[in-house]
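Listed next: structures, encoded as structure tokens.
One chain, subunit A, appears in both complexes that follow, with subunit B as partner in the first and subunit C in the second.
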Partner chain A sequence: MDVVVLSGKGGTGKTTIATNLSKILGYAYVDCDVEEPNGYIFLKPKISEEKEVKLWNPTMNNNCLLCGRCVTACEYNALVKVLDKIMIFEELCHGCGACQLACDNEAIEGFDRTIGILKKNHEFAMGQLNLREPMGGPIISVLKKETNHFEHRILDAPPGTSCSVVKAVQGSDYAILVTEPTAFGLHDLKLAIQLIQDMKIPFGVIINRYESHTLIDDYLNDMNIPCIGRVPFSREAAVQYSKGDLLIESEKYHQVFEAIGHQVRRLL
Partner chain B sequence: MKVIISSQGHHEDDLVDVRFGRCAYFAVWDSNTNTFEFIENKGKSSDHGAGLAAAQQVIDLNGDALLSERLGPKAFRVLDQSGIHLYKCHGMTLRDAVERLKTHDLEMIKEAYR
Partner chain C sequence: MRIVVISGKGGTGKTTVTASYAHLSQSMTVKVDCDVDASNLHLMFPTKVHERYGFKGAKKAVVEDWNCSLCGRCISSCKFEALSMNDKVIVSDLLCEGCGACRYACPSDAIRLEAVTTGDVILSEMPNGLISRAEMIPGEEGSGKLVSEVRKQADRSERDHQLLDGSPGIGCSVIASITGTDVGVVVTEPTQSGLEDMKRVLALMKHFDVVPYVLINKYDINEDIVRAIETLCLGEKIEIIGKVPFDSKVNLAINQGTPIVAFKDSVAGRAIEKSFYKLKERILS
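Then we have the complex of A and B:
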């Protein structure tokens, strides 16, 4: 069973929800926010396995006749034909291999380029993209495949609604959309809802930093979307977070997350 | 001589587009006929690598010079090696740009815009 936690807007508390909930439910935690994974700060796992994640990139050999078929085939504009050579822009290459298929002269070879690292143990996994690398998708795919044997997973998605979020969300059984009671929070929540509805995944919303009735409540009521939890705003939570402690270490928040966990179990 | 210009529109009195990779059109001026032809920029609709798609299009047009304002690092790397002369224009119409090129009144682009 996979539960993905996403948000649209960054900084709403995805990781806070995902880490605490993984403990409450006893699910494995998988950090798909490979550009800035931070779940490990709160869960403090002992890593037992590390491996490099590689992406195939093309190289040209001497067979190249400069026909330019590979350039046309590349959906990502990673290849450019200039005078007497094909220039390759690795940072744009998605490693799909279309250039190699398009080439009639076996002029395209390739090599596997390390783009990041994967760390895991029996109940925790995270991907980490190397500096300067622009594309998290391939790491997320490997990360999900390598943790496929975990019976239950909480997938902590990257912020936004981009390709890497889609990669993290794909195939999940349930989605938790985390938001905050601000106009920005609502704006980006709407985008995330659109994405998750397009992907036809059942979902519920958690309002983080909750004080009293908010604009998010109004919206969810109007749209008939279930709110599966409200995490109260408090100085205490901020202090716990700043120390890298899980919120469930406090009695009050333990109860909040127990209730959310109960809801999630009921919905799965 | 064939001159390519990043353009905001498709008339000779439209302005040179500051952006290269995502400019609306490429104007192609032919010195023999003194006329402009307009081509849509393929890079404009690219999700990724708009500058490179545009650069490839410019190279394939086989021009002698490119007039634009800002070239990104990837587009510059490609165009710098393509043998096309790169000239900088700022806030002028296509017709003005060509006139200034004729009188050697344009600065060359020697590095990528940052």
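Then we have the complex of A and C:
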């Protein structure tokens, strides 16, 4: 069973919800926000396995006749023909292998280039994209495959609604959309809802930093979208978060997350 | 001069700061919202759309069934697992990265690539100048390309200065946002997450030769981490151009569509205003 936590807008509390809820539900936690993974700060896991995530990149052998077919085949402009060789811009390469298939002379071999790292134990996993690398997608794919044996997972998605979010969400049984009671939160929540409806995944919304009836409540009512939890705002919670502590360490928030956990169990 | 506001971690206050700087800046500054998959800057201003066009920023494989012999070679060639067989070959639009490897694997010439619209690029007028932004179609490929298109549109407006609102993270959208900018303001918050993410984004800026400044938002949440940020900045010779206190008026201002610097009696607004003039002074000297 996979529950993915996403948001549209950054900083609404995805990681707060995902980490606390993973503890309450006893689910494994998988941090798919590989550009800025932060879940480890709160869960403080002991890592038992660490490995590099690699992406296939082409290299040309002596068979290369410089015909340039590979250059034409590459949709990402990662290959360029210069005087006497084909040059590769590694960061642009998606590792798709189109160049290899386009080559008539078996001149393209490849090597696996490290683009990030994966760390895990029996109930925690995270990926981290190396600096200057643009694409987190391949790391998310590997991360999900490597943790497929976990019976239940909470997947902490990256912010936004781009292709990395799709990779994190893909195949999940249920989605939790985390928002905050601001016009920004609502605007981006609508985009996340559009994405999750396109992907036909059942979902509910959690309003974080809740104070009193908000514009988000009105919207959810109008659209008939279930709100599965409201996490109250408090300065103490903000301070606890800043230190890297789980909110469920306080009795008040433990109850809030118990109630959300109950809802999620019921929905699954 | 191109100034980008960035953060690493999401939700630290990039757009609140950018909207304030935009409000204080002259009309010769074009505002650029590089957060194409969650664009919010325009919500802070009354805007009038000048120009809007669809941008084809990705390609998708299309299988022409009448040529297809159902051999399945395309399926095994796809590294993104975007193809599957169910009486016929089906392409998942969400998973296809438009690489075209399937096209070369196909012996029957049954696959072509089709350019698809990934979002709309929009140029609008706002009270003091222009704003260039995009609305990405949720789930689309190529957010980095869309960011580059938004920036091209801003370049065409031929204004002297550009103020860019970045997106969270350190990946393609962020690289596309900071490439070729002169100055970067990193908006951070004194939390463990904010600190860790700031370190990564500062390292990225160093690589791209962007001069960094740091602005600490909600500084009174955790003074210990503020000291850790100050120590780090001192070591890296990065100036902290402002410390903004937590202020519940910030959310009120957002919900009223007013930049916080234009909001009455806001302590956060005053601090951001001060940081703007400090930054201006540094840039001019």
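Following the convention adopted for this analysis, the second predicted complex is superposed on the first by the 265 of 268 C-alpha atoms of A that agree within 3 Å, B and C clash if a C-alpha of one lies under 4 Å from a C-alpha of the other, contacts with A are read in each partner's own complex, and residues count from 1 in each chain.
Here is the rule we use: a residue touches a chain if its C-beta (ideal position, glycine included) is under 8 Å from a C-beta of that chain, and two chains touch if they have at least 3 such contacts.
From a predicted model like this one, the values you see are computed outputs, not experimental measurements.
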Which superposed partner A:132 touches (first subunit B, second subunit C, both, neither): second
Contacts of A:71 with subunit B and subunit C, given as first, second, both or neither: first
Touching partner for A:10 - first (subunit B), second (subunit C), both, neither: second
Partner chain(s) touched by A:80 [first = subunit B, second = subunit C, both, neither]: first
Partner chain(s) touched by A:241 [first = subunit B, second = subunit C, both, neither]: second
Dominant toucher of subunit A (residue count), subunit B or subunit C: C
Where subunit A meets both subunit C and subunit B, residue numbers: 76
Residues of subunit A that touch subunit B when the two form their complex: 71, 76-78, 80-83, 87, 89, 92
Of subunit C, residues touching subunit A in the complex: 8-12, 15, 35, 37-38, 40, 43, 59, 77, 79-80, 94-95, 97-101, 103-105, 113, 136, 138-144, 167-175, 189-194, 196-197, 200, 203-204, 207, 218, 221-222, 225, 246, 251, 254-255, 257
Subunit A partner contacts - residues on subunit B that touch it in the complex: 43, 46-50, 52-53, 55-56, 59, 74, 77-78, 81-83
Residues of subunit A that touch subunit C when the two form their complex: 8-12, 15, 33, 35-36, 38, 41, 56, 73, 75-76, 94-98, 101-102, 129, 131-136, 158-166, 170, 180-184, 187-188, 191-192, 194-195, 198-199, 215, 235, 238-239, 241-244
